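Working notes for the structure below.
For clarity, chains are labelled A, B, C and D in written order, and residue numbers in each chain start from 1.
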Amino acid sequence: MKETGYIAKSAWKAFVEGLVARYRVYAPCRDGETVAFRRIQGKEEPCLDRPAAGAPKAALLPQSETLFGFVLKKDPVDPRKTEVELKAEIEEPPTVILCGRPCDARGFTIIDPVFLDADPYYRKRREGTTIITLACPTAYEGCFCTSVGGGPADKAASDVLVTELDQGYYVEPLTDKGREALKDAPLEEGAPHREEAEERQRKAFTRVKKAFPGGKDLKVSPERFESDRFWQEASAKCLSCGACTYLCPTCYCFNITDEQGVDTGERIRSWDACMFSHFTLEASGHNPRAQKWQRLKQRVGHKFVYYPEKYGEAACSGCGRCIRLCPVSVEISGIVAALAAPEEPHTKEAGADREEERATR
Amino acid sequence: MPDVGERELRIVGFLCNWCSYGGADTAGVGRFKQPTDLRIIRVPCSGRVDPLFVVKALLSGADGVLVSGCHPRDCHYSDGNFYARRRLEMLKRFLPFIGLDERRFHYTWISASEGQRWQQTVTAFTRQIHELGPLARAEEALSL
Amino acid sequence: MNAKKMKEALREALPSVDVVIAYGPGFDPLHAEPCFIKDAGRVDDLILNPLCEHNLAGYLTSQKGRTAVVVKGCDSRTVVQLLQEGLVEREKVHLIGVPCRGVVSAKKVMAAIGHEKVLSAVFEADSLVVTTGSGEKRLPLMEVCPDKCRSCQYPTPLIYDVLVDEPLAADKPPESVYEDVEVLEAASLEERKAYWEKETGRCIRCYACRNACPLCVCQDSCIAETRDPHWMSQKSTVSEKMMFHLIHALHLAGRCTECGECERACPMGIPLAKLKRKINKDLKDLFGYVPGTSPEDRPPLSTFRVDEERIEEHKLP
Amino acid sequence: MRVGVFICHCGNNIAGTVDVARVAEETRKLPGVVYATDYMYTCSEPGQAEITQAIKREGLNRVVVAACSPRMHEVTFRRTVEKAGLNRYLFEMANIREHCSWIGEDKEANTRKAIEAVRMAVAKAMRDRPLYSSSFAVNKRVLVIGAGVAGMQAALDCAEGGLETVVVEKSPSVGGMMARLDKTFPTIDCSICILGPKMVDLVQHERIRLHAYAEVEEVKGYVGNYQVKIRKKATYVDWTKCTGCGECMEKCPGKNAYDHFNCGVSPTKAINIPFPQAIPKKAKIDPQFCRQFTKGKCGVCAKVCPTKAIDYEMKDEIVTEEVGAIVVATGYGLLDQERLPEYGAGRYPDVITGIQYERLLNASGPTAGHIVRPSDGIEPKTVVFVSCAGSRDKSIGVPYCSNFCCMYIAKQAILTKDHLPDSQSYVFYMDVRATGKGYDEFTRRAQEEYGARYIRGRVSRIYPKGKKMVVRGADTLLGTQVEIEADLVVLATAATAAPGASMLAEKLHISYDTNGFYVESHPKLRPVETNTAGVYLAGAAQGPKDIPASVGQGSAAAAKVLSLLSKDMLESDPAIANVNTAACVGCLKCLKTCPFQAIKEETLRSGKKVASVIETVCAGCGVCTATCPCGAIQLQHFTDNQILAEVNALCRM
């Protein structure tokens, strides 16, 4: 197969249908007021005109999943004896995540080191899933991928990168999984379109806000980070809901609960969030992170201090969801910028270019 | 046996201990024939019935829910059923809005002496639920 | 909206309050955000314009000291309800009332511009002009205002200590208040079922709706998460998600002041306010009760009349 | 969890239409159930022994009995498990008789229902927690509301039994309706002669405190510990000084006061002593008729009073009495004659009510016992009695029988003949109800010895014709219309609930029926108890009653009070609401909705405000639990989780 390919807009529909025929396909769809990832079927097409509200991480790390079910079997002769019969199967059809954005894909590179070896459920899905990413044509509200080593055409974790052009789509297969997914896709030669694609990718790149010095250059001021007052002010407006973490392509915290009926039950793993006070509530009633500022500190700290210490890079792909969809606009990039800028008084946090951006009102 | 046809459906009844549960007893003592679908949960007072119990039952497999308490003014706890009346009326009007047929939920007042009335209520309500048939469970969402 | 007068009022108030809750500029030109200040020096950082859509009254229950808060007409109903339920003390709040003809829903604007990064947002006459990387877009305010503004009956706060502008009279027809509810009521039972299963199916149980709700008093004790009582599991099935939203709606029955924060906060665009508005509509018919309009009232489900004029006994066929 | 389940055959009552063996078999399959068996008569002594043994043998920590209604035997079996060392709240009953085996012949369906009933009971039992009642001291004083014959009897018996007794009487004198009667049936002995001594005993008893001309204002508290606010209405006469000499009444120029005691047969004075035998025999002023009050000048009584007892400035006074039990004996009222327009009562002076006639007959009445027509003071020759004047008439909302009219009409017919030998009495009746001892004989004497003519039929109309009143009615036995020209017509107007009965019921948290009479807690087995612990009923307040029945109930109520207050401590029912202070957010919606004011606000050491339940006041209705948004206040034994467990056991299948 060719190095790169091209799908004319007229052929796009056929391409998607081809995928739907072979895979379980999750793609952004317009639902009511919003665009969200969901399974598409038949002749449905993904919605490309804006990033989905939630990240596609749920395809690999579901909101809730049954780890195993159990049946309590009574001994027919002696009712005093009960046996517990466990049932656990990880059956997942081959899956495609279609038209997620580079930041969505990059999220998996942050979850992988934590789950890939440790968790058979995640591994199974990860291996069975092909990620066909759509390069971002522009910057979106609150996004800052370039500050965390990504970009609108970042290839991390993607198996295929698709760049939308005037007449069609420029398609870059990146892995064998990707090539497999593209087999018998209506592909033309991509080379002629390469320049147009790269031009668009460059243009998009320049539009993305550089929120703070990214990667290795990110220096978080320890005294700022350990200042309670800093976090109290930063979190004053926070509602401590889970929107930011649940929308995040990289957050992976979970809770485990058992649900038992009369004689059957199941063990459930479901999303949990460090922003909830329950998250650290101990059986004794003591809560080491009872205050929301402690929890916000944990969230930011985990992404930009603790995780990097362990895995070398920030646990953030800069998708901006937690900013644009936060009910009260808690701006993580601004907080990090403030943490990274010791000389500035932190009251003027949130983005160097804020003043210029402010609308004339 | 009042004919309600085909297989049994799942009908949950919340009955207050002092009046309606007694009414059901009276009906039994009087050997008044009744359909057998209904399963009775005894509560002290209709005022104990949080509308959420009704919602919970309907969402987790019940095809119909019946709540019955003492007649207004006759509550053993003097006011319990007055609260119940307001809350259950609100619920009855709300259920159809989320696509649950309001006929699947009925609330009424039956005293300990009204065995006959209990029989008529159970029979009529059971028939109504059978006319509506089993309640379709929620479609599982495709969204992630 | 008179930002200057508001700032004066706040400067006056500051000595006598522990904190001021008002609006400051958000992370970009399209967003305002709740802003907490303690010293007069920062009053100039505050803003007041139609981007100030949040209901700041929601923060009152979690404030320890005396608090000055900026309230629009709709927000003031929340305060009234909180006072009525004894959840805040009148002496502990200083209300800066702001008459308002409607705000802008940043979510609607973002949807209109495909969530693209906003470079500037300028109000011109009755529209908002938004500039992004791919150009300029002119959005009529009526199209980007929250639904609640379209039928607003309370443009002027019902309760305040200072009013920073001339009071405004309601200019929307009262019968329009529950139009959205009536539309859905008119649909078939099956359509309504499908509608809510699809909408709530998107719920990610982030509880933004609950935490943003100024009248969700339980917060960390919410029965959606407790095991005792164990009303629901953490499974993400449609019926569990439905159950959660019904818990929220029923717990707000007769209390919801329709500020729309639940809907505004929802990242998945679920029309949550509609559930509560339906109940309010019915309770209005039943008891002529409108939440958040009188501090002396009693939530209709926490009281009763021996003879209920509007409730008729239901007969079975 | 080690649940034991006992499925009862109840002879054939259950086993006849339920496959009990299969129920037991299916039950054994339930997790948590370690023992399940079926038994012929579980409530029998051997049956209970079987449970006790099984608890020990199988080490059961929960017991479920599937049998009759818990309303029947829950108490029995709770005692059984308690004897075996298990907390009595670790027990559940599944009703597979009244709600199952007795509702149809379909054995298959009944058995299915029984199996699920047990499944639910087991699910709930597994969430039962041991509950312990706490005991509290009782106040050994009793309040009797109403000093008619029933109330007086109750008060005297209680006082004799050694209890401090407080009596509240609405009118200025004790005695009630009976004091108004001339003679009593079926013995024709003088009413006041047999009542008088009781009235004297009452005021003279060392353990009885009487509040006459007073009403209950507010009732707080609970069984064993009630606080009752009593409003002592202003009499404008200092009763500590008043000797009852009657001088004031003699000289009072205010002649047209309404005479309550004589039911308005004739007027009385603005300052008056209700009747000669009144107890206490004290004067009181009716301000609306007193010149001092209406015109602001007079003061005659003040001048003539030898003890200077008159006090025009007197105000109502509120006193609070603390008691452990309350007897409600507020008696009955009479149907307003205006509601019988076709009988012209109220409009025509010579159409009067039975009670007014009693006063005419009475030697101490306004006519000193001479029967005369109110209109012209002439002795009547023809007297017509109309029974069921309002009673048993749905159309005016009195569907019930007033119980004693048939009898007093017979009595009045007899007395009429005694007073006026050449008079003729007619009695219109629907049917004569004379079921008491010696009653039927009595009504026969009225007809056979005293020649009262009984006409079976309703009176359709009464209208004047010259000096006479024409009574038109039907004689359903002859099937003819009859018209009688009467000199005097006596209506046996229906007995109704006492005025204000419903208001008092609401203060006491007791229920009343559609006719306003108080409801006993069981029509047969608990006739003087109410559903509110510590509040008892006596006399016509519960429904129209004649004297012997009222007296009987007075004593019965007293007996109940005496047995209740014979204990120094009472045990509270532990199945009440309980607050999880960790979860409580202090919104206090529970406090606002509690029907018993059993919830108060409490501040924890942490400073957190929470709701807190007053154990002894909580009645266990669970309204608070249904109201609490965060499930922090839970009604024990009917917690959310217990009810949800039952729902899940049913629905999650």
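Simple rule for what comes next: a contact is a pair of C-beta atoms (placed from the backbone, for glycine too) under 8 Å apart; a residue touches a chain by one contact, two chains touch by 3 or more.
Please read all numbers here as calculations on a predicted model, not as lab measurements.
J.: Average the C-alpha coordinates of each chain, average all protein C-alpha coordinates together, and give the chain whose average is closest to the overall one.
T.: Answer for the innermost chain: B.
J.: If you tally the C-beta contacts for B-C and for C-D, which one comes out higher?
T.: Between B-C and C-D, the larger count of C-beta pairs in contact belongs to B-C.
J.: Can you give the whole-Å distance between the Cα centres of chain B and chain C?
T.: Result: the chain centres lie 35 Å from each other.
J.: Would you mind pulling out the distance in Å between where the CA atoms of chain C average out and where those of chain D do?
T.: Here chain C and chain D have centroids separated by 51 Å.
J.: How many Å are there between the centre of chain A and the centre of chain C, using C-alpha atoms for each centre?
T.: That pair's centroid distance is 29 Å.
J.: Roughly how far is chain A from chain D, going centre to centre by Cα mean, in whole Å?
T.: The mean C-alpha positions of chain A and chain D differ by 70 Å.
J.: Where does chain C touch two or more other chains at once, residue-wise?
T.: Correct list: 198, 202, 231, 302.
J.: Give the residues of chain A touching no fewer than two other chains, as numbers and ranges.
T.: 31, 36, 54, 62-63
J.: Can you list every residue of chain D that touches 2 or more other chains, as numbers and ranges?
T.: 593, 627, 640, 644, 648, 652-653
J.: Going by the contact rule at the top, pick out the chain B residues touching chain C in the complex.
T.: Listed in rising order, the residues of chain B that touch chain C are 51-52, 55-56, 59-60, 72-73, 79, 82-83, 85-87, 89-94, 96-101, 106-109, 120-121, 124-125, 127-128, 136-143.
J.: So in the complex, the part of chain C that touches chain D is made up of which residues?
T.: 85-87, 217-219, 221-223, 226, 228-231, 251, 298-299, 302-303
J.: Using the touch rule from the top, collect the residues of chain D that touch chain C in their complex.
T.: Interface residues on chain D, with respect to chain C: 580, 583-585, 587-589, 592-593, 627, 629-632, 634, 639-641, 644.
J.: For chain C, which residues count as touching chain A in their complex?
T.: Touch residues, chain C against chain A: 25-31, 33-36, 42, 47, 49, 54, 59, 107, 110-111, 114-123, 132-134, 198-199, 202, 204-208, 210-212, 220, 225, 227, 233-236, 261, 264-265, 267-271.
J.: Show which residues of chain D lie in contact with chain B when the two form their complex.
T.: Interface residues on chain D, with respect to chain B: 69-72, 95, 97-100, 102-106, 109-110, 112-113, 116-117, 120, 506, 509-512, 519, 531, 575, 593, 595-596, 619-623, 625-627, 635, 638, 640, 643-644, 646-648, 650-653.
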